[in-house]
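Order as written gives the chain letters A, B, C and D; numbering starts at 1 within each chain.
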Amino acid sequence: MIENWVPALSSYAKDIDLVFDVIFWIVIAFWFILVEAVFLWLIVRFKKRDGVPAQYITGELKSEKNWVHYPHLAVLACDVVILFLAIRVWYDVKQHVPPTDETVRIVAQQWAWSFVHAGADGRLDTPDDIKTVDDLHLQVGKTYLYKLESRDVLHSFSIPVFRLKQDAIPGRVVTGWFKPIATGEHDIQCAEICGIGHALMPGRVLIETPEEHAAWIASKSASGAGE
Amino acid sequence: MVVKHADHAHEHGDHHAEQGWVSKYLFSTDHKIICFQYMFTGMALAIVAGFFSYVFRMQMAFPGVPVPGWGLVTPADYNMLVTNHGAIMIFWVAMPVLIAAFGNYLIPLMIGADDMVFPKINRLSYQIFLLSVVVLFISFFVDGGGFAGAWTMYPPLMAKAEYSLTGTGSSVFLLAIALEFVAFLLGGINFVTTAMNARAPGMKLYDIPIVVWMIVIASILFMASVGPLIAGAVMMLFDQQLGTAFFDPNRGGDPILWQHLFWFFGHPEVYVVLLPAIGITAEIITVFSRKKLFAYKTVLNTAIGTGILSFTVWAHHQFIAGIDPRMANIFTITTLIISIPIAEMMFVYIATLYGGSITLNTPMLWALGFIGTFLIGGVTGIFLGASGADIYLHDTYFVLAHFHYTFFPIAIIGTYAGLTYWFPKMFGKEMNDTLGKIHFWGTFIAFNCIFIPLFFTGMLGDHRRIFDYTNFPELTTPMLENLRAFATISLVVMLGFQLVFFYNFVTSLLWGKKADVNPWRANTLEWTTASPPPHGNWAELPTVYRGPYEYSVPGRKDDFWPQDAKS
Amino acid sequence: MADHAAHDHAHEAHGEHTHHPDYVKIWGVLLVLLVISVAGPFLEIQVITLITAFGIAIVKAYLVVKNFMHINVAAKLVTYLVLTMLLFMLLFFAGTAPDVMESHGSNWEKPDWIAGTAHPPAAGHEESH
Amino acid sequence: MSAASSRPIATGRSAAGMPTGRLAVWWIIASEIVIFGGLLGSYIMHRLAHDAFAEQAAHTNTWIGAFNTFVLLTSSLSAVLAHKAADHGDGKKAARFLYYTMGGGLVFLVVKAFEWTTEIQAGYTLASNTFWSFYYTAAGIHAAHVLAGVIIMGFVAHTAKRQLEMQRVELIGLYWHFVDVVWIFLFPLLYIAK
């Protein structure tokens, strides 16, 4: 459902949308509508009428308790389905890192993102690393490992089109991965309040074709921006 | 209006010695007066926090345009407003009104006692609470301005003045929170011991009205969960003012520790305010559907179960905050498990309506409105509790809409339900039902119009606590801007409808019809004494013969059967 | 009337006749345990230090809670209450320790900690290693 | 004001089978358990994780800690003897034992002040590092409880001497024992585990 408004541009974005959709259909489209319908029907059906007294139902009998007991078991069954799916996706996105092609370091600070790209040799911490501020250059189809750091307070690295979000914590290096699957230019947000400039740290992620990406690396190396 | 009330107390014969106005209303140990103190303080702060929400919503809808009544909203203003809106609404509105005010009023009256067991501690509790309000207001005006780091107070932003730029404000704010906790610890101990020990003769455990149970369970949850945060608040204060490094990662501390200390309290806190509102709803739907509460023991067990489970789910607020992802799986499971008792409770309430004879007056509308909207809050919680979906939804407006769909029914709808239901007992006057219904429908529809759009802005990527989205090209589409503006206009409409309530409240208080002892024909003990009850509550304390929900018992002439009636 | 009831109650409460054991003897036992817990570390065996320190602390706490605070004559509820609170603290510890106590998580690490630079020594402390 | 000074009937009831005061004190203790539990839990996490803590802990003075444990245990003894005296209706004796307990509490605080002074002079202050932060915070919160106990005990002893409100002797004793138990755990945590 989310992809109708926010494009799904990472390999796992569709999975996260799937979790959302499944929960939507089970919980909203089925349960919520059903319960509200029963609820409203009861209000209309048992509205006060002259000469019709209320019934005396304790709800302590087993047959009466089953009214809530069976729906309750159904809720439990739905919970299991949702749990299974949610944990599976969580495992794929956060716990399990597939083989990656390149590493990018992301450093958050008040109030900017800096990115260290691997550069021409494809490896970090070499002289040809390319540092940028607020612009993250990625090549479509490559799997990236990110190392997320913070210099001062908590920030949260969020790329809505990737369905990716991870807090940056001072004193820790958080790793994770993403794989862009289509080209384009999109927003990077900071999703954890980080002081008065919280709204002023937008970044851009530029997903490029291999040719464009190579050209960008070449232009940076030529201008000597790689330190 | 207070004078009017005093006249009434005298009419109904105050057995105790005459008291001056000051000792009667400012330094009273009477639980009913302390209830009013808590309630009016809470309402006054609700106006403050409501005004804050008006200011920052106007900024969201019309960024950069000066807001009438405030002026231009700077980023610092904006952060301060959202922070204090949240903190005030939870700590200084929901808790004092739902737990302290209703707890104070209802516990002694519903269990047939003449007062709280420790009236002086009760008074002290309110005085400390009032002090915390004063300290909170001081925090707005100190050098650097009020604290602006979100109500969760995450370090290092909270801990270091160089990051937050509100060094003094942060510490004063923390002090206010700490004082508030002390007030509620004292109050909570009073509630629990009163309900446990001071019950009327004959009142067995299962004869206690559900709302009393709920307030007691809520107090216990509060007492059991707030400890680590009190310790954390001391550590935080030392970090701010004395140079320690409990939460400073550069010197051996850990900022995540605070998040655990905070949410270990913060999650049970949700249930601390939820349970009293659920209890109020139980009282009202049974009375106005003339039905016995469906499966009393099940309601009680689910409440206790929810309470215990609520201690096992706290880290679902931190899924992407850097906790170990393996732990997130455990917390996902516990979080979805907690949906089971809550769902059961909702089913029980809906089942109670079956076979009833439902009168749709103002209190009943509020109570039914509570069930209808709280369901939305409940079901949207599943999206956030499921760790896979939370990766995207965390810290977006989806979260915000979700918890407003829980807190608004709890704190606002629940309070209005309770207030309109017990108004005749509290003040001895009847409220205008037509104005009450206008107020209900206006508030109810406008509320939904505020937060349904915010679910969508959240799904579309609006993240929280951003004072101006113009820096994010994808968040400046006409659709998003229209949704935000619509929500803001709905908020203004909703705030406007509260004037109807204030008008109704004041006119009913002054010129309302005099209320009977038992206008709703209810069973519970508070309806057996005068309206309003005198000091000491009853001339002779009642004895209890049956449970609180014996409505429409077959073979009886009346469709209600008061708890203290011998036959 | 209120005073009268309170008075009645006072009699009732004192009429319970809490059993008073020989407090001085218990105090003696506590002191012996204290001496052992202080002496334990002198053996310089870590396991024994841990046992004498924390095992004995638990025993001492138990003796005080049982004999001085009379938890066994207070209603069962109180015992459950105290145990529940302790259980909640265990829960808190179990939920928090994986983040705070570890230098590596499954997707993060704390570089300062691993490099050993997280704890600057105290001012008066001479480096001994 | 007569209404305010006389006690409500509610206070005298005991539907739970326990005097209201004792029940309330146990609830206070329960909420204190989680305050100290949260703090000590956090401390234990750091202590187990960092070897640096052991080096720092070596600079605490076990003998002073042990002496203070002795003082608190002994003051607990006199508190419980006061309870026994109160149960037998001897308010004067109960008050005397309470004064002994207060004396113990004051000795504890004086020793603590002396200990801290030496440590601060040696350069180990609250902000030195995390171990000392925890050390001063935990012991400081505990000392605040001791101080509060001593003050409240003064009032209780004052009324007990006149044979009034004798049930309070037991209640303040309960609180005092709890403070003692907290110290029983603080002592090995801060002083012995090196």
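One rule holds for everything that comes next: a contact is a pair of C-beta atoms (placed from the backbone, for glycine too) under 8 Å apart; a residue touches a chain by one contact, two chains touch by 3 or more.
The structure presented is a predicted model; accordingly, all values stated were derived computationally and were not measured.
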C-D or A-B, whichever has more C-beta pairs in contact: A-B
Length of the line joining the C-alpha centres of subunit C and subunit D, rounded to whole Å: 13
Between subunit B and subunit A, distance of the C-alpha-averaged centres to the nearest whole Å: 31
CA centroid of subunit B to CA centroid of subunit C, Å: 35
Subunit A-subunit D separation of Cα centroids, rounded to whole Å: 49
Where subunit C touches two or more other chains, by residue: 2, 85, 88, 92, 96, 100, 102, 106-108, 110, 112, 118-120
Per-residue multi-chain contacts in subunit B, two or more chains: 114, 224-225, 228, 249-252, 254, 256-257, 261, 264, 322, 325-326
Residues of subunit A touching at least two other chains: 94-95, 169, 171-172, 174
Chains touching one another, given as label pairs in label order: A-B, A-C, B-C, B-D, C-D
Subunit C residues within the subunit B interface of the complex: 2, 84-85, 88, 91-92, 95-96, 98-100, 102, 105-108, 110, 112, 118-120
Parts of subunit A lying in touch with subunit B, wherever the complex brings them together: 1-2, 5-6, 15-16, 19-20, 23-24, 27-28, 31-32, 35-36, 38-39, 42-43, 46-49, 52-60, 64-65, 67-68, 71-72, 75-76, 79, 82-83, 85-91, 93-95, 110, 152-154, 156, 158, 160, 163-167, 169-172, 174, 186-187, 189-200, 202
Complex interface listing, subunit C residues touching subunit A: 106-113, 118
Residues of subunit A that touch subunit C when the two form their complex: 94-95, 97, 169, 171-176
Residues of subunit B defined as touching subunit A within the complex: 74-76, 79, 148-150, 154, 156-157, 163-165, 249-250, 254-256, 289-298, 320-322, 325-326, 328-329, 332-333, 336-337, 339-340, 343-344, 346-348, 350-360, 368, 371-372, 375-376, 379, 382-383, 386-389, 391-396, 459-461, 463-469, 471-475, 479, 551-554, 559
